[in-house]
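Pasting in a structure now, in structure tokens, and then I'll have a few things to ask.
Every chain is named by a letter (A, B, C, D, E and F) in the order it is written, and numbering of its residues begins at 1.
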Amino acid sequence: MASKFLPSFSLPSNLVLDSLIRPWLLEDIGRGDRVTQALMVKGSQAKSATWIAKENGIVAGLPIAARVFQLLDPEMEFEVLVKEGARVMTGETLAKLSGPFEALLTGERVALNLAMRLSGIATATDQFVSQLEDLPTRFADTRKTTPGMRILEKYASQVGGAVNHRMGLDDSAMIKDNHIAAAGGIAEAIALVRAQIPYPLTIEVETENLDQVQEALDHGADIIMLDNMGLELMREAVQVIRAGGDRVLIEASGNVTVERIRSIAETGVDIISSSAPMTRSTWMDLSMRF
Amino acid sequence: MASKFLPSFSLPSNLVLDSLIRPWLLEDIGRGDRVTQALMVKGSQAKSATWIAKENGIVAGLPIAARVFQLLDPEMEFEVLVKEGARVMTGETLAKLSGPFEALLTGERVALNLAMRLSGIATATDQFVSQLEDLPTRFADTRKTTPGMRILEKYASQVGGAVNHRMGLDDSAMIKDNHIAAAGGIAEAIALVRAQIPYPLTIEVETENLDQVQEALDHGADIIMLDNMGLELMREAVQVIRAGGDRVLIEASGNVTVERIRSIAETGVDIISSSAPMTRSTWMDLSMRF
Amino acid sequence: MASKFLPSFSLPSNLVLDSLIRPWLLEDIGRGDRVTQALMVKGSQAKSATWIAKENGIVAGLPIAARVFQLLDPEMEFEVLVKEGARVMTGETLAKLSGPFEALLTGERVALNLAMRLSGIATATDQFVSQLEDLPTRFADTRKTTPGMRILEKYASQVGGAVNHRMGLDDSAMIKDNHIAAAGGIAEAIALVRAQIPYPLTIEVETENLDQVQEALDHGADIIMLDNMGLELMREAVQVIRAGGDRVLIEASGNVTVERIRSIAETGVDIISSSAPMTRSTWMDLSMRF
Amino acid sequence: MASKFLPSFSLPSNLVLDSLIRPWLLEDIGRGDRVTQALMVKGSQAKSATWIAKENGIVAGLPIAARVFQLLDPEMEFEVLVKEGARVMTGETLAKLSGPFEALLTGERVALNLAMRLSGIATATDQFVSQLEDLPTRFADTRKTTPGMRILEKYASQVGGAVNHRMGLDDSAMIKDNHIAAAGGIAEAIALVRAQIPYPLTIEVETENLDQVQEALDHGADIIMLDNMGLELMREAVQVIRAGGDRVLIEASGNVTVERIRSIAETGVDIISSSAPMTRSTWMDLSMRF
Amino acid sequence: MASKFLPSFSLPSNLVLDSLIRPWLLEDIGRGDRVTQALMVKGSQAKSATWIAKENGIVAGLPIAARVFQLLDPEMEFEVLVKEGARVMTGETLAKLSGPFEALLTGERVALNLAMRLSGIATATDQFVSQLEDLPTRFADTRKTTPGMRILEKYASQVGGAVNHRMGLDDSAMIKDNHIAAAGGIAEAIALVRAQIPYPLTIEVETENLDQVQEALDHGADIIMLDNMGLELMREAVQVIRAGGDRVLIEASGNVTVERIRSIAETGVDIISSSAPMTRSTWMDLSMRF
Amino acid sequence: MASKFLPSFSLPSNLVLDSLIRPWLLEDIGRGDRVTQALMVKGSQAKSATWIAKENGIVAGLPIAARVFQLLDPEMEFEVLVKEGARVMTGETLAKLSGPFEALLTGERVALNLAMRLSGIATATDQFVSQLEDLPTRFADTRKTTPGMRILEKYASQVGGAVNHRMGLDDSAMIKDNHIAAAGGIAEAIALVRAQIPYPLTIEVETENLDQVQEALDHGADIIMLDNMGLELMREAVQVIRAGGDRVLIEASGNVTVERIRSIAETGVDIISSSAPMTRSTWMDLSMRF
């Protein structure tokens, strides 16, 4: 598999990828690719094909698509022609494939489905990120991801210019309103959580008003999320938190749109998170041509 | 688990569902739900919650969400208040949950992610289907589905009013342009495939012009897909095929929009397929309240 | 792995095969091949061996046997000397193997067990199929297969000259007496099923008398199974169905023997199905010689 | 699940059984039991059914069939009416089932396939075993079993009256001709193997003549297999071995038929092994009636 | 399953535990618990037993042992009599078990192996932790854990009084000497890592001298590890870091013994990490009595 | 992968090893090796490293460590410089590694954890075994092994000079006090077990006094374990058993220490088993240097 580009984004090793891709291929193949198998009576042939963009957008997932084909047949070649994260135009050639006919045909749909979904996410993410240009505020994703696809969807988010938020329930501790209620208050919740979690993990607290912001700040939250606050309230919250230095990261969340994101950023928050690139984006249209 | 509604759509048995849901839960939980585990020091408590629609739409996936919680804790109750496929309004209560606090909190995100994605698909499907009201033409999905989610996404498509197209490469034989080229023609491709596939399976042939339509018809295709044809050409193709009786199903595909679908249907095709409800829809916003 | 023969029958890709073969090898190896491991102290040696037929029969499964050895050691060579489906005689050499001694010894039993079972099925199938020579009627298998082996047993059935019936509960809809009873009649059952299944799937109805045949015919069954009917009744049923054209496939089932199959075929049915090659066949004796 | 019989034979715990049965159910169900799911629109109903013998034979596998249904639905009841190993006649009722309609229908084929194959093995085994009545010689199975089914097929063999031979390559060390050749002789092979295997494991040596028998005896084989010897040679071999006491078990193998087994036993061997009940038996016909 | 104690430490939900325990049970059971299965011919009996400490120590893992038995048979009762983390004496009764005889016998070894290993870790951890009494410094574990057991071994570490370090390569970013070399310096490494990781994750830098400490501090490390430094150097490093406030956590590692740990803590570091409770501890002897 | 040494000990084939190692790598990697992935932006580099002993001891597990790296990247080279079981000194180089930087870093911890644990076991085993030099008595392990690691820990035990005891509940039948009680006596227990187990399996009986020894002997036990007996009683038991010839193997167990083992051996027992090398050993310190 040839590629002239460095892997600029965080993809886990093939051991991890393969454990995801194998069941996805089996989902589509089921008990066998009926048509391709029937054609094999005529013998296996080496073929080549190209991948073409059918929409403008930001490309993500080509190295993963390459792995899809290789798991079907190690002789498959998938030459990536554009860098992950490249802005491409309708009609542009993204990759050249060659290898056994049957792997090309059997793998086509799964590989395209992945790349189309991931490129769609990258493209939508880019629309938010590009509003923040020249500002220090970063754009982050959430845990609203398609079940089974989180690692790859968060990879696409990164390709689109976002910084990833936590990957699951275990790599950072987010204390939400229901946790606070169960614990009996923000102070109690932070204390319980700090006492139990691996020490390098950070604690984030969701807050809805200045009192909660102050309580989270006083009890050592590492990240304070301003949840669904208006711009004015956000500005006040940022002031309150910054009064204690810049030790604490401030995340804004809720009602984040492309139109509104820049004004949120200008309140001084460090991070703006939104699930929109996962839940409100469309797939980028790509196709394979022989 | 109580429900006052019959299962009106095709959900496979729990054995199949569980094999999907378990890895999705483990994806989110990772090595443990840090915050919820920490709160357990205060003891497990029974809690109740509701699921609320935050957008208008067609609901799909509540029985699956119920199963998510039950796999975490068999004591969880998830009472579905609206029928799958119901049209709901912002603010409507969709389900009542009760059970151990920790299962409620740990399962919330995966369950909501599933129901939001599936309801989004059902809602988008409904927009196409409702254009076909009073026409005999049915709307179908495609194999452009999120890897790992096909069974559930196609279920949501059905909930939204569509009929499912084939589920994978093995339950129907679709002969596409590349297969035709490899076989040396439509006649040859049909012959090779018919000789190999399980006999109850149907053969569908993708066609781009009337010559191909005629060749597919002459060699016994069960379904003829009119791929990316204009309305006029479609009408002619339908006439050609119907001249041989109504044995053959006619599927139209390509450039299917909500605006255009009715005029396609009026050409007399039996089925119109589109990936748009999977690839162009947004998730329906739902939330859980304690 | 060298082979001079085209794959004339429908084997799924290695990704599917490997997911079957790996647990079968682990079943036999358990915590380790005690004797072979002990011999390894003397070092690994390359060896060669042959596979010999110890009975006359139809060979099936050699490419699968080859894969068994390759999963143990990618350096294993397994040269197939006879085409799948070839009629071989006692003493005939079927394949030449060479590679690391330990893979040869550890893989021998699983590979032979597979090929013996599959060749036994192909041989028994051939006995039925050869009775149908020069008739249009085809011979089909059923869902009576050894749990876990269906894909391969149905492959062997095809090698033996049969056409496969459906592969599972999901790639065709077979409405049986209990379904009819639960639905409240054939018409109701067909209506319920047609409304729910993927549209390319066919519906087959099991019938026991002419009334049922007529009802199935009237309500659009794609395949009508004449279940355990006498020859006279079958002839009448065929007449009834053909009166409506040749849109509907007719399958005969029940009490199918090598002696009786030709007379069944002569009633004009399209398909005769029987589980006998799976449930009444013996394994073909094969052995490996160093 | 009710049963009035003790488990008289060696079935592993449900944890082991379930890991076998689950993938077998998924093999048949695939993406869903199309017909049964469609009928569910009319609601789930409790039904009852019986299992009937359609051939005379020895029944095996009913507790396993029960588990098949329970894995589909824990509410399924499967009352076993005849003891494992019972000799039953055509028409006899073997079990009563009741529970949700959909579990009954979806599980039927897998459960019957298992019980039919296992009862066929038990029945065939019984034919060999009954020839040995009043003799001390026992009948044993081999490693020629259907891939994936070994634990259950060997269970059926036991139900039919056999004693199991080793279960895999790891629970006893069988030194065969190729091992002997690779080691440089029987003495060398035994020495290498004894030095490496877990100490409670026995060593069996395949022998073809009296020299080999003597060598195996001299170097401490625990079991000596007389492979494909004539009756006369077997008698001599038994004498040679018994001269050294009865420490060593003697197994006869090769060319074992129902007709010949008693004369083999009368040579004085301890065990006669044959794969015939696995490789030469037919399935016992059973059916389910509502 | 009865327990009068709150779960005071971080155990993940049963979904996670079960995915660990099932293969461990299958490892021991293999193809069946030979002796227990044989005894079942006499019928299943309910039995009770107790777990007894045969050494003084800190108990950990009893809820996990309970789950082992329940996975074998849901009817098993395992009443925990001492709280996780309790200091027990030789002869003390730790738990009462009752349930089907076969589950008691089959599960005994796996359950005891787990509890013995985990209690051994808790006991050894306690020896380090008790040296830190009245000091603010906490004791932490490392990634030197038995493959496959990390979640449970880290749980035992917590039961013994430690705070967990990161759970794997993905929930915190530890920059080591080889990473620094590859990146071209601490500054470069921190920049590369910060740009790629999920934003809530912390970055820890391993340092060997004051220059490295200063560089890590200047470039925004969240945690600075003083690796194998002498006490004097550690004190200086702490001073350097504290000069910048208490934003940065300081971890000491290397050459940590029970004798030396207090003097390390007195240098003012926040955390002292050591693999010794995993790699240098012995299992606590426990036994089951009927 | 180069190695100049023969595999002198019983390692199962890679198919078995890989099924163990893959989940262990995934346990550590989780959703990705954060730091290594971030460094990949600078491109992949080939690096080399060495493994060094940081303690004196007996090395075990280097071929397994090699496989860990190869599963991450097939291009990894791991040249073993010392034979399994070699006695090495602090500072000695054990292996040379080279290959892609990211595989070296990502695999380091899992590979080292395995080799350190296994070398610790081999080293501790050697201390017992070396006490038996010039005596015929062999030293054996037990089923007290870390869950999930039994095959490898027993391999290390063998490397350290022990002979393995049974590998699980299924490859030999050990009748313990609770089994005896349930069966109603040793004679009854042996009879039940002998009737059910595969015939090549041996039966071992745990005995606590001479009466039990005699009963076990009289009823055909293959191995008699003298459980926790004093030296005098052991000597008497050996005499009783040897009076019947040397057909029966005698195992001593309980209170086995390095100091006491030789005197136990001198009672004439064949095998002395102890879990101490698994439960009382420390890991051997090894490190990887670039």
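One rule holds in what follows: a residue touches a chain if its C-beta (ideal position, glycine included) is under 8 Å from a C-beta of that chain, and two chains touch if they have at least 3 such contacts.
These numbers were taken from a predicted model, which means no experiment stands behind them.
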From chain A, what is the lowest number of touch steps before chain D is reached?
-> 1
Chain A-chain F contact: same residues or different, taking over half shared as same?
-> different
Taking each chain's centre as the mean of its CA atoms, the one lying farthest from the centre of chain A is chain D
Rotating chain C onto its identical copy chain F by a Cα superposition takes an angle, to the nearest 5 degrees, of 120
Determine the centre-to-centre distance between chain C and chain E, using the mean Cα coordinates as centres, and give it in whole Å.
-> 52
Distance between the CA centroids of chain C and chain D (whole Å) is 23
If you average the Cα atoms of chain B and of chain C to get two centres, how far apart are those centres in Å?
-> 31
Send over the residues of chain F in touch with two or more other chains.
-> 10, 29-34, 37-38, 41-42, 106, 150, 167-168, 170-172, 196-197, 201
Category of the chain touch graph - line, ring, star, complete, other | complete
Touching chain F in the complex: which residues of chain C?
-> 22, 25-26, 29-34, 37-38, 40-43, 71-73, 102-103, 106
In their shared complex, chain B is touched by residues of chain F numbered 30-31
Of chain C, residues touching chain D in the complex | 21, 23-24, 27-39, 41-42, 45, 47, 101, 105-106, 109-110, 112-114, 116-117, 120, 143-150, 167-179, 181-183, 189, 192-193, 195-197, 201, 278-283, 285, 290
Touching chain E in the complex, chain A uses residues 9-10, 138, 140, 154, 158, 163-167, 170-172, 196-202, 204, 222-223, 245, 247, 249, 271
Write out the stretch or stretches of chain D touching chain E in their complex.
-> 6-8, 10-16, 19, 150-151, 167-168, 171
